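Next come two complexes, and both contain chain A; in the first it sits with chain B, in the second with chain C.
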Partner chain A sequence: MITLLQNFIDAVSLGSLYALTALGVGLLFGVLRLINFAHANFITIGAYAIIVPSTNAIATLYIGAWHWAVMSTAVVVIVVALAVVTEFIVFRPLRRADPPTLLVASFALAYALQYITLLIYDGRPKAVDIGSNLAEQVMVGELRIPKLEILTIAVTLALIVSLALFLKRTRYGIQIRAAAEDFRMARLLGVRANTVIAVAFALSGVLAAAVSLLFLARTGMLAPRMGLPLVLIAFVATVIGGMGSLVGAAVGGFVVGFASVVLQVVLPVEIRQFRDAFVYLLVIAILLWRPAGLIQVRAITERV
Partner chain B sequence: MAGASPLERIWPVIALWALLLVIVALAELFGGGILNRVVTDALVKVVVVVGLYIFVGNSGVMSFGSISFMAIGAYASVWQTCCPKLKPINMSGLPDFLRYNTFDLFPSAVSSVVFATILAAIIGFPIMRLSGIAASIATFAVLAIVNVVYGNWDRVTLGTNSVVGIPRYVDMWVALGCAAITIAAAYAYQCSRSGRSLRAARQDEVAAKAVGVNVPRERLIAWTISAAFIGLGGVLYAHNIGVITINNFYLDMTFITLAMLVIGGMKSLAGAVIGVVALATLQELLRQVELGFVVGGLSIKSPPGVQEVVIGIVMLLILVLRPGGLTGGREFSWPSPKRRPRS
Partner chain C sequence: MILDVERLEVRYGRLPAVRDISINVAAGEIVCVVGPNGAGKSTTMLAIAGELTPSRGRLLFEGGPLAGRSSEDTARLGISLVPEGRRIFGTLTVEENLRVASYIRRDRDAAAKDLESLLDRFPILKERFRSPAGRLSGGEQQILAIARGMLTRPKLMLVDEPSLGLAPKNVDLVYELLRSLREAGMTLLIVEQNLDRVMDVADRVYVMRDGRVQLSGTVVALKGSAELEAAYFGFDRGAA
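Up next is the complex of A and B:
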């Protein structure tokens, strides 16, 4: 029973990271029909932002040495700025492009950003020490829960709730949802496309920044491709959740998180290293069963 | 194209053959060993990118998973032809007939391509039922699966370690021959009934369905043929370089080949070939800059990594400024004074 609960908490915390990433990806997909590969770079650059830029093998903390609240704010600001700037430079000129072109553009952007990161910081992974006190465990009855897992789950809950409130209650939130439903109609009714898209990019930047810090605290290691596995998982999470649905993206994230932990537990040791392959196979299986994802969105199916 | 003469009909293929032949001939006449290798590499890329074009160009669905079949083809050929001393010890997971035998190069290449093709047909069956963007993501899952499996299956693939000592038989002329065959096959497919149906669905899926095109079926046909040639590209890659690791066939290769296709123009066969020629030339120039050169007593040298950043930016510029790619989706058409409307 205890191990079951332990695994459950692992699953929720891993699923939280996936869900946050998937929400960031899903937000832009909803509004722009853009699958943003560069989200991986947002996460990576957010993590690298806490050290002094250099190619040295030893990382020196800069922003990371500040008080945690200031550090988090700084990282959020940096990643949001990056997200908005890429929107302005790359995606605004491509406003009329079709989804496959956008997809390729974001792939190219991700490739360029990844090698820029490599040029500035060098390709070798660097160990950093942030939030090492988060590794401590809290005893709840006989359960040992690392503080980091509690923090991850709490931050995710807070972000999901505030995102939901933002989308439901505020003017820009309502505009984003309107744009996701039918962009052209929304524009006819006076929604400003550039503003809505910029806000969506900024929001995905906030989510990416949160993932940067939580993931970095988990691994303690900076690497130029660190955001990639998360974003690949997030892509499949948005697909199995149902493309274009934010609830679907979050659900998809948790589904994949749970599947990973369950597979980790039930797979025999000798094939455990293939776990991720099974996760992706599961994704294909879900798609066979429900080609439009778990939560279907009417706006996404093309009308004649 | 009714009423066109046979030569006129196959002109787009002839023109591309001629282009590649001229490049190879020039390299043979004036180039040294290095230029030969650059041209051979580029011709192997032609096989892969034209293979990619058969699916992506005709269907309009981006594939991020096709490079998996390069890995599958490459490893399949390596298992059959490489390392008779090493295999019994290090690749203990191989079935005995592979572990203790070495096969001839040509039949191995053929069987490797067949292996990649069969796997592609099986993998493609569920994926091709998905809509465009979801299918693209699912192809990504394929890339990830193949990377995880080959990267961890130590007893069969040596994991992420390099396999070395692969017999190297692919020279410029072998690569040219394979590129020529791939180009002809791609053109034959795009002119076939299936190819034309698929291109119709690319333009307007709903309308194509309305006139009876079975989109998933045509996509699966294109995907499978495409994977066959990408598998061939993998075989050539392994026997050209002589060393492979699974990470040769992951995101960077996916990116470069897609970049070639997009820069050339993904809607035409000519675009696929021109894209390889253009980007391979750019890569080589940037590599020279990375190695360093001297201009007017000033030595210029760029740090490693600049090459990739420049290619990423060039690709973005092409997407913004010339979304149809260099060729704008046109084939090389018969040089005739009166312009016929494009089909």
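Up next is the complex of A and C:
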């Protein structure tokens, strides 16, 4: 029973990271019909932002050495600025382009950002130590829960609730939801396309920054491609959750997190290294069962 | 004139959907553009609203050119389009649909008052205020779409095929609403296939067919005339 609960908490924690990433990807897909692979670089750059920019093999903390609240705020500001600037430079001139063009542009942006990261920080992975006290475990009866898992789950919950409140209660949130449903109609009512899209990018930046820090605290390692596996899984999560549905993206993230942990436990040791293949088999099964994803949205309309 | 459409031409690729049409609307007037399916009526509306770019001709609103303005700018100038098929935001609540429209306004207190009076006027919207708009019936959605357009406090409201796909009872409801807008002094340009319906609310009518204006005149002059039917149907019924 204890093992089961322990695995459950692991699954929620891993699913939280996937859900946060999937929400960042899903938010932009909802508004722009853009699958932004550069989201991986937002995560990576957010993580690298805490060290002194240098090609040295040994990382020296800079922002990472500040008080955790100041550090988190600084990383959020950096990633949000990056997200908004890339929107302005890359995606705004392509406003009337079709989704495949946007997808290619996002790949190009992802590569450009990756090579800029390599130039500044070098390609070798660097060990960093942030929040080492988060590895400590809290005992709840016989259950041992690492503080990091509690933090990950708490931050995810707080961000999901805040995002939901923002989208439901605020002027820009309601405009984002209207634009996600029918962007042309929203514009006919005077909704500013550029503002709504910039706000959506900023929100995806906040989510990416949170993932940067939580993922880095988990792995303790900086690498130029560290965000990519998360975004690939997040993309899968948005597909099985139902493209265009934010609830679906979050649910999809948790489903993939759960599937990964469950398979890790139940697969025989000799085939455990092929766990991801089984996760993707499950994804295929879900899509065969529900081709439009778990949460189905209305027909996807044209954007802008 | 609040709106002047001069020798407008709109193309879809190479195909002209609207050829050389001229329409004008004076403040406080209700003008209807009637014609069969494919006549180019909705295309004209979309061009005025900034959704489509004309290939030729001029669009003037309050004497200033509309060319090159986006749909969001056109809305901010005071032109509101209630589009064909209503296009309400189905996953948003009735309240949120109305709020999206009111964000265009700077006079927030007046906008809040307008919202209240709209809700008093349409109790169904008040009743379903917090329900997803997608759950409303077709007629209720049309009322919501018109209310949403009104809430932007437009100087000119474009209403595209308001009776399309509605049960006769709901069409009555929608036309009752349009009549009340007329009494409130609103300027309206309505596109409709249903000739009999518009003759009851309009001051002037333009008949469009094959992308061209075939006939125009006041309702008083044209109502029940053979000339009107011939222009609409493309033949003289009497002669046939």
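Everything that follows uses one rule, which is that the second predicted complex is superposed on the first by the 299 of 304 C-alpha atoms of A that agree within 3 Å, B and C clash if a C-alpha of one lies under 4 Å from a C-alpha of the other, contacts with A are read in each partner's own complex, and residues count from 1 in each chain.
Rule of thumb we're sticking to: a residue touches a chain if its C-beta (ideal position, glycine included) is under 8 Å from a C-beta of that chain, and two chains touch if they have at least 3 such contacts.
Since we're looking at a predicted model, the values are computed, not measured.
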Partner chain(s) touched by A:Met185 [first = chain B, second = chain C, both, neither]: second
Chain B versus chain C as contact partner of A:Ala193, first or second or both or neither: second
Touched partner set for A:Ala47, first chain B, second chain C, both or neither: neither
Which superposed partner A:Ala209 touches (first chain B, second chain C, both, neither): neither
Touched chain A residues, chain B compared with chain C: B
Touching partner for A:Gln175 - first (chain B), second (chain C), both, neither: second
First (chain B), second (chain C), both or neither touched by A:Ile35: first
In the complex with chain A, residue positions of chain B that touch it: 60-62, 64, 126-127, 129-134, 136-138, 140-142, 144-145, 148-149, 152-153, 205-206, 251, 255, 258-259, 262, 303, 305-306, 308-309, 311-313, 315-316, 319-320, 323
Chain C to chain A touching residues, read off their complex: 49, 51, 70-72, 75-76, 80-81, 83, 87, 89-92, 96-97, 99-101, 103-104, 134, 148, 152
In the complex with chain C, residue positions of chain A that touch it: 171, 174-175, 177-178, 181-182, 184-193, 297-298
Chain A - residues contacting chain B, complex: 33, 35, 90, 93-94, 97, 99-101, 103-105, 107-109, 111-116, 118-119, 228, 232, 235-236, 238-239, 243, 273-274, 276-277, 280-281, 283-284, 287-288, 291-293, 302, 304
